[in-house]
Amino acid sequence: MLKLLDGPQTMGRGPAFWGAAGLVLLAALAYPLFADPYDVGNFGYFFVWIFMALGLCLMWGLCGMLSFGQTFFFGLAGYGYGVIAIDLGNGPLGTMAGLAAGLVLAAAAAAVLGYFMIYGRINGVFFGIVTLSVTLALAYFLGQTAGPEWAIGKARLNGFNGMQGMDPLTFPGPDGGIVLEETLFYYVLILGLVMVYLLLRMLANSRFGNVLVAIREDAERAELLGYDVRRYQLAVFVLGSTLAGLSGVLYTSWGQFITPSSIGLPAASMPIIWVAFSGRTDLTATLVGTFLLLLGFQSLTIYSQETALVLMGALLMATVLFVPRGFVLGIGDLLARLTMRRRREPRPAAAAEV
Amino acid sequence: MLGNLFAGFYQFADVFAFLVLSAAGLAIIFGMMGVINMAHGEFVMCGVYVTAASYHAGLPLPLAQACGTAVAFLIGMVLEAVVIRPLYTRPLDSLLVTWGLSLVVTQGTLVLVGSTFPGIGTPLGGFRVGDYTFSAYRMVLFAAAIGVLGFVWFLFLRTRFGIQARAVMQNPGMAQALGVRRNRVYALSFGVGAGLAGFCGALYAPTMSLIPTMGSSFIVESFVTVVVGGSSVLLGTAPAAVALAVIRTGLNAWYGQIIGQIGLLVAVILIIRVLPDGFTGWLTRRTA
Amino acid sequence: MNRRDLLLGTAGASLAAALPRTGQAAGPPIKIGLLEDISGDLASIGLPKLHGTQMAVDEVNATGGILGRKLELIHLDPQGDNARYQEFTRRLLQRDKVDVLIGGITSASREAVRPIVGRQNAFYIYTNQYEGGVCDANMLSVGAVPEQQLSTLLPWMVERFGKRVYTVAADYNFGHLSSAWGKSIMKPLGVEFVGEEFIPLGVSQFAQTIQNIQRAKPDWLYMLDVGAAQSSFYEQKNAAGVRLPMASPVKIMLGFEHKRFPAGVMKDMYAAANWFEELDTPEAKAFVARWRAKYPDEVYINDMGYNAWVAIMLYKQLAEKAKSTKLADLRGAMADGTLGVDAPEGRIVIDPKSQHCSHRMRLISVDGENKIKIEKDFGDIQPFWLGQVGCNLLQSNPREQYTPDNLPRR
Amino acid sequence: MTTLLELQGVSRRFGGFLAVREVDLAVAAGEIHCLIGPNGAGKSTLFKLVVGRYEPSAGRIHFRGHDVTRDAPHSRVQRGMSIKMQAPSVFRALPVRQNLHIAMQHHVPPAELAREEERLLELLGLASEGARPAGELSHGQQQWLEIGMAVALKPTLLLLDEPTAGLSPEETFRTGELVQRLAAGGMTVLAVEHDMSFVKQIATRVTVLHLGQVFARGTVEEIVADPRVAEIYLGVPHAA
């Protein structure tokens, strides 16, 4: 199993890469010891979004399905968490049930929508357009639930102003449970990210992952190698969308609040920006790039104020025009080429043995 | 009675005009080059702002509108050469780059021009049929929409550029081998697409409040029309606009605007499911 | 130099100028955290709010600050994005450790901020007019609420123009709630609601609505549209030859449509306002003159910008009476219900039960030349509704938003 | 000999055009069966019907005793079919070795994968190209790689759609040898082919398709000797 951590679908291998990764992880674990608690919480907040980006990387980068619907599942799971948590009276019971309900809701919705699209042979740009349409329709729908008639149990959807009143995720424990916030939130999310990242990495390099890239490169050929392409696509769509759902639950828990504008445009395009900027074909690039981009965009907004959006747009354009494979992946390629040259191997792909 | 009949037509004409005018530019760029132009709304906004500025500078409205269209056309040509051309083999990347462009343009306009811009005022006044009064300018918009369809028809079927453009669309490699200068065709197509977006903005400038983000008002409708229409402006956009205008007018009238908006999106999903290349694919398959 | 340096720079400069008069500043500066959108869709409203706060901070610093401490303004731009409101609320409260948090435009942004403010037990001032009903001890609302804007305006409209009313509202909490308010105020007056339409945010085409209005033949229109796209309605209605009186709680003094649209478009729009730039009192004229000297390019000094200025002045009174910036002390200072400030509109007093403010309300109208006329002066109006339905922050803190159809359990 | 693949009265209609009409075809285990015919005879359509890319408008298809008429392509492949498409269709961005790996990963025990890949690369003459992206290979090499991928599935029936298109005579001959070696190892082959010298080199049986119908069938010698076939197809250049 563990040898699947390295393979043709993931950048970086060997002691140098894992050593560096371990150092980054150690630094991240030690960070709260000397940093301002606000910065720790803020970094934890950035981690919330990375699950959604990794899910998109899996669907789009590895399997070639551009889903514009990450925020659809984000929103479903976020609202699902809120409704269940509120109706079960919050606390450890309500929030844990809410977490489960949010993820199940996202997965079930992805299974239904995915079945409709994938078995209806909707692909390419149209896959993106259908997912975007569904996403916008959900945002419009939730936006007009302002009236008191729009309530599920005690939980009011509350239209554009958003739903609130749910507790943060709470683990069972003494004194009504251990509330997942601030530094604890940060550590739990690091743990979750490391697990999801490693599992996805193994998945990408497994036989399953090989099939995914085959589908991305040429779905018809993959089918004629005996692979039930649509089942693989559906599985990946459900998995990637459920990761978006996880982000949705974590976001709602973090701010105890969710609104339709977390679902509609421009929110829906953000995951695509992160993943495209980072390098969509690689999980590590997505992980690192999404974090850097979230940090960069927030810093731009804080320090350059009015010109922030101009700079973000320009950054995006420059990345696409000058580093077509993505910013982080571009740097990764550069590093790989430097080290490879030293080892006198012809090209990085030579490392594709299994 | 006459009033109600005319009112029904007027509503349809109004939605139809909005769909055709806002979608034509996007459809040309998508159909010709496979590029999804996320900055489409900003070309519309460019048309609006240039029109309004020229009008306030003293030009008569029609001339100001011509200015708005021309400026959008020229900017489109320049942008094609600078940011779109390197990306023809990567259609998804052109989506990202135009999205970045739209951020830069919207916020750049806000910083440079300010958060609001003085409006123009709708010309021509109103007229009365039966119990209702109507805006005469809305009829001009309807005529302009028909005119745009006619212009596109003429451009693609009756001019040298059109013949070359269709050749490039069918088979870029072969067209190039036959001596068609592909880059020039693409640059002109993008320019025409941008110009039509600017024309849409120029026409709607006197009817809306002007802010830098106003382009987004046109985006959803134009995308929906292009998706439902498919890749051909001639075969797709016009029938799609008719169909969607009927759906939307009906839903608006009987169930209100929110259902009209959600209904439009549901229609898109169903039509993609049934007709994968929109009306274009359906019509070409029937005639093939 | 970025905007934040600029702000601190000017604030510092005015303080230096003030020093010889007021002596040494005592203690560290009082930090004011401000969240206003200066980019994105709502920038046209956020900019005057930023200016109002800046002007107030400079004026307070020029007269010695608060409790001898100068004010330090930290402004962040959430770009109209609720998630950014959440991020920046945390940043200002936890990292910058501001003494008071001010800002937010839409109700959604306010609701994004409130849970975080509540968990940190901080003090938050919301400066917009809004649909009312927030009963939260951590929040002070400075803007006008429906009992001030609608209970004045709507009965007057019914008496003046008639009992057939058509409502055009944004399909948004503000639209739904204000429409419900309109019904509860006007039903007892025998008003017939001949039509009601909710328009999705971002819709800019209104031919169908205009026709529905013509069919319903109302005496006047109750307008609750939101945002620039929806305000295209007025131009289109005018072009279609529909000339009806209109009433709205968010037009003119807030959206300054009479400064942006051609003459005639907003003709016969009526609104009840605690502030509008054309207000003709000596205090108001002096205020406008100071503002225009500082920001000569301002298109219009709207009520939100003015309220933002008032918020700082109220905070100064609160902190000086409490001799502290702690939430409990500040609330103690307002508890007797007399604390207030003499503002350009008249005296504004905080109601301790709801933590909303009284306002001097005036009814204004727009003529065919985009000129403002004062139709009536209603005098001081109390924010009575929350107290009436049972919100009493002196006794409990439910942190809820109540509406006519979501009342507190007694 | 047992019948491996059997088509009974298979037709396929496109609008008003009958591309394939009532074709009966039986491929016996162990043979190298070539399908020939002039352009537009319906050979490619028939292939797509066999592999499941199209569904027949009428008729039935049996493979190894199962009715696969309505089965999806992947489940036919899982039953033991394998196809090499007409235009080389390899995963162009992926390394050559990974192309083979993807094809064989479910047919070879994990421990033997590396050795098996090595063996196939050797067999295909691509031993030194394992790390190159497949899209960088020459046209001939891509054809071979794709045959290799088809073979890697260890099929009972190997379908080859114009395996020699665009190859030099030398490469064509070596392809023939490869096919014969595979057949000798027990694989049944059904090939669509234009090049008669290639057909003569490998075929044990030939079926001629004309205007969507079976026109003639027999051994190579019989077909070459049939004057009717020469008339419609062999006519001028290949008759020698």
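By written order: A, B, C and D. Residues from 1 in each chain.
Rule of thumb we're sticking to: a contact is a pair of C-beta atoms (placed from the backbone, for glycine too) under 8 Å apart; a residue touches a chain by one contact, two chains touch by 3 or more.
As the structure is a computational prediction, the values presented were derived from the model and not from experiment.
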item: Chains touching both chain B and chain C; value: A
item: Label of the chain whose CA centroid is most distant from the centroid of chain D; value: C
item: Cα-centroid distance, chain A relative to chain B, in whole angstrom; value: 34
item: Distance from chain D to chain B - Cα centre to Cα centre, in angstrom; value: 49
item: Centroid spacing, where centroids are CA-atom means, of chain A and chain C in whole angstrom; value: 38
item: Chain C-chain D separation of Cα centroids, rounded to whole Å; value: 76
item: Junction residues of chain A, two or more chains touched; value: 140, 144, 306, 308-309
item: Contacts with two or more other chains, residues of chain D listed in rising order; value: none
item: Chain C: positions in contact with at least two other chains; value: 39-40, 171, 198, 200
item: Listing of all chain pairs that touch each other, if any do; value: A-B, A-C, A-D, B-C
item: Touch list for chain A against partner chain D, complex; value: 8, 207, 210-211, 213-214, 217-218, 220-229, 346-347, 349-350, 352-354
item: Residues on chain A engaged by chain B in the complex (per definition of touch); value: 66, 116, 120-122, 125-126, 129-130, 133-134, 136-137, 140-141, 144, 265, 269, 272-273, 276, 306-310, 312-317, 320-321, 324
item: Chain B to chain A touching residues, read off their complex; value: 36, 83, 86-87, 90-93, 96-97, 99-108, 110-111, 216, 220, 223-224, 227, 258, 261-262, 265-266, 268-269, 272-273, 276
item: Footprint of chain A on chain C - complex, ascending; value: 2-4, 38-40, 76-79, 81-84, 86-88, 90-91, 94-95, 106-108, 111-112, 114-116, 119, 171-173, 175-177, 198, 200-201, 403, 405-406
item: Touching residues on chain D, where the partner in the complex is chain A; value: 51, 53, 72-75, 77-78, 82-83, 85, 89-95, 97-98, 101-103, 105-106, 113-114, 130-133, 149, 153
